[in-house]
Amino acid sequence: MLMLPELIVVATGFLLLVLDLFLTDKQRDLLVPLALAGIAGALAALVATPDHGVLLGGRFAMDPLAWWFKLTFLVAAFLTVALTAGLLENAAPEVRKLHSPGEFLTILLFNLCGMLLLASTRDLITLYVALELATIPLFLLAAWRRDALGGEAGLKYMVIGALASALLLYGFGVLYGLTGTMQLDAMPALLHADRVTLFAGALVVAGVGFKLTLVPFHMWAPEIYQGAPPPVTAWLSVASKSAGLAVLMLVLFHVFRPFLHDAGFAIALLATATMTLGNLVAIVQRNILRFMAFSAISQAGYLLLGFLGGGSVGAAAMVFYLLVYAVTNLSVFAVIILHNQQTGSTQITDYRGLSRLNPLLALAMMLGLFGLAGIPPLSGFVGKFLLFSVTAQAGYHWLVGVAAVNSTISLYYYLRIVRQMYIEAPADGAVPLKPGAMLSAALLATTAASMLLGVVPTVYEAVRTGAAVWLQTLGQ
Amino acid sequence: MAEFLAGCTPTLTHWLILTSALFSIGLYGMLTRRNAVGVLMSLELCLNAAAVNFVLFNRYLAPTAQGGAERLDGAVMTIFVIAVAAAEVVVGMAIFVAMYAERRTVDVTRLDALKD
Amino acid sequence: MLASAIPTLIFYLLAAISLTLAWSVVTGRRILRAAVSLMGVLGASAGLYLLLDSPFLAGVQVLVYVGGIVVLLVFAVMLTRTTELLEDHPTRLRQIVGSAVATGFFLLSYFMMTSDVFASRTLSALPKNDVAAIGRALLDTGEHGYALPFEVVSLLLLAAMIGGIVIARKPTALAKSEVPHG
Amino acid sequence: MAPLSFILTHAWLIPAIPLLSFLLVGLVLRNVSQRLAGAFGTLAVATSAGLSWLLAWDFLHLVPHGQPLPSLVPWSLEWLHFQDNFAIHIGTLLDPISVMLLVVVTTVSTLVHIYSTGYMHGEPGYARYFAFLNLFTFSMLGLVLAPNLVQMYVCWELVGASSFFLIGFYFEKPSAVSASKKAFIVTRFADLGFLLGILVIGFYAFQIYGGMKPELLNGQQPLDFAFLTRPDVLASLAGLDVHFLGVGVLTLSAVLIYTGGAGKSAMFPLHIWLPDAMEGPTPVSALIHAATMVVAGVYLVARCFPIFATSGEALTVVMCIGAFTSLFAAVIGCTQDDIKRVLAFSTLSQLGYMMFALGVASFAHPLGYSASMFHLFTHAFFKALLFLGAGSVIHAVHSNDIWHMGGLRKHMPFTHGLFLIATLAIAGIYPLAGFFSKDEILAAALHSGHTVVFGVGLLVAGMTAFYMFRIYFVTFWGEPKSEHAHHAHESPWIMLAPMAFLGVLSAVAGFIPIPEWVQLPGAPVEHEGIDLAVAIPSTILALCGIGLAWLLYGGSRERVDALVLKLGGFYTAARNKFYFDELYLFVTHSVIFRFVAQPIAWFDRNIVDGAVNLSGWFTRTAGLLLGKLQTGQVQTYASWLVSGAIAVVVVLWGVLKSGGN
Amino acid sequence: MGLASWLILLPFLTTLAVIAVPARRSDLIRWVALVGTGAHLILTACTTYQFWQLASPDILAAKTATLTKLYFVERIPWFKSLGVDYLVGIDGITMSMVILTSIIIFTGVLASWNVVNRTKEFFALLLLLVTGVFGVFLSFDLFLFFMFYEVAVLPMYLLIGVWGTGPKEYSAMKLTLMLMVGSAFILVGMLALYHYAGGTTFDLTQLAQYHYPVEMQRWVFPLIFIGFGVLGALYPFHTWSPDGHASAPTAVSMLHAGVLMKLGGYGALRIGVYLLPEGAQYWGLFFMALTTVNILYGAFGAIKQTDLKYFTAYSSVSHCGFVLFGVASLNLMGLKGAVLQMFSHGVMTGLFFALIGMVYGRTHTRIIPDMGGLAKVMPWLAVCFYIAGMASLGLPGFAGFVAESHVFLGGFFGNEWSDPLLTRTLTVLATLSIVVTAVYVLRGLAKVFQGPITDHHFDELTDATLTERLSTGILVLTLAVVGLAPGLLIDLIESALLPFVNRLHATGLAVAGHV
């Protein structure tokens, strides 16, 4: 059945909720493995489901791209839960422990279910509601740790998020007014190139831009990434961004496809602004989480390049880069979460001498950072190369230059951290970190994946053929 | 007097101007109110304006729209908007209360601890 | 002639009411008065729904919006009774910026809404939007059914509630009462 | 033409043996034993000397007596393949002048080697000295045998490098180090001209070579001397001009090549390095700065003589510089106190002689060509002897300054006798070699109508006699002026034997019929034998010079001091070599280093590097400024968000508006 | 797995072997690295021999070919939809560069025999760097080329940053960033090449068959040339080289100046001139002028340097100027000169930096004025230093002269697309450098090695140890062999360059009447 992954996720959510009532504090450590099992089950179900088909009268449709998006969400969820295991278990240090793990996991799973649905919606109402389900729980997760910063982060996130969804809703209203239908696939035929369509498009882009942290709408990201607990920040930077991209692709490819080609230059400008601002401000960051926020903003800038030319190659490049970005980003976050968990600090300078204390950890972090910077043996290089190739194909050679120089600037600030780890001597009295079993397994998996995705071509080829099929289905 | 009234029976544009006015006032509220709850109230204004919009477009449906008598999309959408608004307020208030317990202030402008 | 003029009259009346009350929500110095004026605006919108021949929605509006959400807001105001924020003056700069952005948005949407695409629209045939029809539509899993969004909203509300409870609980109370049973 | 004997076809053995011995001595024997290394080096050079005598003998008998000697390249191997029909071959070109020089170089080199085993006895780096001497001999022989310009240039550089190492042998003495540096850099500057000359003539020769029918080329390459000196090639080359200052190709390339020669033979503007080159051990000066290296320039001009002759103006340049240098050097020579500096300036002056001899020569009057070669031949022997003599004197007195010597004829009879023979030879007194070759040159100058040059030549002949006998009298006559001079003792026989051999040679050399063998190919033979119209005036002048020298320097010094007072400024200027050294020092150090190298180093450090750092700073400040946008106020972010949405509408409108229509 | 792949795989396996050795056994690590690079040297030797067997019969065919003939080709499809294959092969130029790199890495390992601090990471990174370099030389697929290019650039940061001296972080960062900006230019150019040819393949030979429109060539060529020029120390972009080399440890600056900077020239040749002949013709004169500045600027800059490493860095800027000058002269002799200069300068700078490392190891100072009279104390090093000095100023008998004579003749003979008078004046200016080089080389060496010993505690310094003698010996031997018998190397390179020249003539539109 097409909707199996979503159902499994929701079922796990409920199971955890109910079980939580009966378990003692010590027994609560069972919840995380259970959640992981649930997600793994959903993954298995996803692999089993075919990547085409329609359900519930067109409300829920499955296509190759949606399949890949769901895979990214589930992988990201699995890894994030694995990374948060340390903080959720009972033995976690009191001051940084995430209390009430049951509820935390349930909300996370519901949020995941919202994202999964998001990838397969084909009408405005389900899209809006799924998007809200994919966003509102994040306000809660951001504010989970009721310390001074958490509340503020949650509130700010909530205010900006609500405003963005209001704008989005207003845009959807205009869209509905113009076409009279809620079916996304029916809209392109009914839309004409007049200023009202443009207004609706702009509002929707603004609403989704908030979630994807595109430049004018990115202001919230640094502070919420800093305020939220590190695992939630990881989840935000990977899953929420992927959901944002899924929605943007849904909107631009399904609804505004006829105008996508002409609006290429506007997308190019947006991408340049996002990349450049993200990279420039990341240089001066001292807090590792704010640093990762700006790095994520610049990655969003690169992702936008896939829309130029509006072809299936662009879509494939974006989906592939998203998968690579997710894996690489989580490998870096694994080390950040561990470091924060055991030393409580989020300053970049506190990473000095890590290569002497835990050589393997430092190596994994370095590989992750180089993956984000797009350095060859790692898959980040192939991902970025594909996006730049799409931009060149669409004729924006100047943009390829800008993007390449931007990734050089990004190399500068990634190297700043490598410098702290490898060149600076460890602070006196610094004690090596002791990674938990779950976290080191996740770290190993992500690093290996980020290496393999770049070398083994099968993943990219699959995404590429899927995108080609998807574009035809879009065509009818 | 009657002809005058008949003359300017409200067309779709009039309605839309009303809703966009309401939306803009809500927007103004969100951007200027210092009390967090005030901001949420202005948010409710915006969402309400958007909800009315949907019902409006449902009544003045685009001529090209297909589907038989049960074209209830707009109405159903409004119901869901109200539900989402409710969820947002719940979350907003929960966070607001938790934050108030920690920071003892409701003033949004004083919540700037999180800058570099 | 007189009968047909009444809806127009009511429309302009409700419009005037909701705009003035909205203005007082936004600029009211005392938060409680703002809450009450919010109730007024939402009530006016219920009236607008009636005008648009969807009585069920008007009911839902009054029940959920006015009854539920605004009451919740009032609770929040009560809970956070602090002396320091009685009068609520935004700084001059923030007012300028806020008004500039808001009027900018209004002018833009005004310019967009008055385009001829909407001007030519006339009232379409009245859909059967009584309670039964909407109820059936909400649960129908077929072509025009909204079962999926319905389920999603329920998940959303559930998540919001659970999260809200966990976040809003008193931390001190939590520590004591968290006695594991069994 | 008779079949080629073994040695003629394997002439490459002559340079190869010293090269092999250089490698062996340099790498292996140096650590085994110093003495063995010295002996091995001398033996190697001796064998190649023997071989070259044999080769000369066979070469002379290749063709019946009367006919002009042939010019052949018996052995050649492709070395550098630049391009199709533009390759460089290593080979051995045997023709009268190259065989003559082969003999001269190897003989003098062997004698210097033998002399050095005595002179350098007990010096640290003894083996290193012999290794470099062998390297020098190899490169000089390679230069002499070069069949094309590039091989000559290659050996030219190697000669320069080995002279650098030899001058700088006493590398702990700062003066020796700077002298070797100066020598290499000045000659390197001249080689730049040589290289440019090769480029110019190579380019145009390649153009012509391309145009010619293959069967005409019979295996020659564009840069071979055989090809370049062919009359038809020269004719077409003369026609081309190089659109640059309207100068003809031939003239430009000839002058450029000549700068190379002028540098190595220390002609006027580039002469400053030779006097300083005396810092090296005396046998080195004897070999390199008297007999072999410095004459390379003359040999080069002789080798490319047809090019110079066709271009005409180039020859006049050669003549003028040659004449001026000989006069200029003679004047300075009279004022120097260091015995080796005097000999250096006398070499300069004699080289000027050879150069202007070639300068006056032409196809119409070929006598100058053979006269110059003859003088080169004889000069090598008696100048080498002079230097070796000076060496044994210095060895005894442990100082170069002639005023520390005096009255040595009693203590060192042999050296005195041989030194006297050489001094008489260079002064051009009848039976000795100098007389014949110098008069040939003066005759050539007179007959070819260059009377001014002839006059200068005569004057210089007189002055040469004067300054040579000046140091002779001061060194060997009068009382010993320093305590070393008192009990100086004769040098060991190992040093005296080669000097004696050279003494014999400088006596006999005049009678060897070099002018007969060495003829400008393809030109009518002028007259032979002594031309009395020239011989008498030159001998008279020489005797006056000797008389004047005896008058001034025979007895005590007060007459000299009186003369010095009268000459005043001019004398001191001449003593300081007319301040050319200071001028060059000023030009290089303060002008080039301070106004070119320093600003460039500063420019690079501040402007170019600065630009890179500036871009870094610029990115950083942009980051900081943009970072400031994060004020922490959520409502500011909200207003940014909404105005962003509005901006997107405006941008989309702009893009679609312009994109649309 | 053909020979070409083994040439890339062997260094990588050595890297893994070095990583496998436990960190505290630093002597074992050194030996593993030495054996690995030694084996690579032998592998290179047999590949050269086999290549020579295969390639020599085709030299005549090359006269008219317009496509590079590759040997030991291995093609494994990698990203099929993009047209990216693992395509490696060898032609004359690659062979010479592989020989150079193999020698330099072997002597580099020898020269860093006494690296003590974190030897395992040092050798691992060094060998990773060299794997990248081999990858670049041997790959004939643009994507693979670019990937290995960045693999080669990245370890530099850590090598200089961790093991360097002086302002090491600053120069390491500056070096990495400038090289990455260079690679940004290359990426833009490469993607333009890929998409203008239909975006179906990255295979160099297939792209070469596509005739790019002239306007496109005119803006892509400078991008590619400058992009590679940044690594090849093109004039305004060379500032990373002095700082980078001064701060880098011996083996790293040996490898970097010796080999990595050759990637610049190699790339400009292989991608710039080969794929964009009309672009090269249009820009030829401009870059010739720029590289002349490069040559003189580097030479004059070196005169006034007081630090030995800056001295050598500036001299290598000047010599790299010759490489790019040769490439910009666009005729057979010029291109051959460029490749020969890459080879000879690689060996020379390798020798220079090795020797500086050894001297620094003893005197612990690189400031020229502080040193003096060292020849008495360390004769072997002094002799090798003088040989390197003489080779760098172009003394015949060493590889330097062979390369420089080609470059000068090539520059002087000019090409049909640039005004002959200008090319000749530029060549004359370039030849001026042989004098300036002589000046700074002799001034520097005389100050350090000759004259009396300035500092009394230099008296008991020791001469070169066995490993040092071996490494400097090999480098000197290579210089001499190529200098004396360049025949083999020249034929190797010429047959590979003929297609380049034929392509230039096939599409060239003659500007000035010419031979």
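Chains: A, B, C, D and E, in written order; residue numbering restarts at 1 for each.
Simple rule for what comes next: a contact is a pair of C-beta atoms (placed from the backbone, for glycine too) under 8 Å apart; a residue touches a chain by one contact, two chains touch by 3 or more.
What you see is a predicted model; the values in this text were computed from it and never measured.
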Contact distance in steps, from chain B to chain D: 1
Touching both chain B and chain C (chains): A, D
Far-end chain from chain B, centres as C-alpha averages: D
Chains most often in contact, by C-beta pairs: B-C
Centrality ranking, top chain (CA atoms only): E
Most widely separated chain from chain E, with each centre as the mean of CA atoms: C
Intercentroid distance (Cα basis), chain D paired with chain C, Å: 102
Chain centre separation (chain A, chain C; CA means) in Å: 31
Computed distance of Cα centres, chain D from chain A, in Å: 77
For chain A paired with chain E, centre-to-centre distance based on mean C-alpha positions, whole Å: 43
Of all residues in chain A, the ones touching two or more other chains: 125, 129, 132, 136, 140, 143, 146, 154-156, 159, 163, 170, 174, 177-178, 195, 199, 222-223, 285, 412
Where chain D touches two or more other chains at once, by residue number: 627, 630, 632, 634-636, 638-639, 642-643, 645-646, 649
For chain C, residues contacting two or more additional chains: 94, 97-98, 101, 105, 108-109, 118, 144, 146, 149, 153, 156, 159-160, 163-164, 167, 171
All chain pairs that touch each other: A-B, A-C, A-D, A-E, B-C, B-D, C-D, D-E
Touching residues on chain B, where the partner in the complex is chain A: 23, 26-27, 30, 36, 39-40, 43, 46-47, 49-50, 53-54, 56-57, 60-67, 73-74, 76-77, 80-81, 84, 87-88, 91-92, 94-96, 98-99, 101-103, 108, 111, 113-116
In the complex with chain C, residue positions of chain D that touch it: 635-636, 639, 642-643, 645-646, 649
Contact set on chain B toward chain C in their complex: 2, 5-6, 8-14, 16-18, 20-29, 31-35, 37-38, 40-42, 44-45, 48, 51-52, 55-56, 58-63, 65, 67, 69-72, 75-76, 78-80, 82-91, 93-98, 100-101, 104-107, 109
In the complex, chain C residues that touch chain D: 94, 97-98, 101, 104-105, 108
Contacting residues of chain E [partner chain A, same complex]: 78-82, 143, 146-148, 150-151, 154, 157-158, 161-162, 168-169, 173, 176-177, 180-181, 183-185, 187-188, 191-192, 194-195, 199
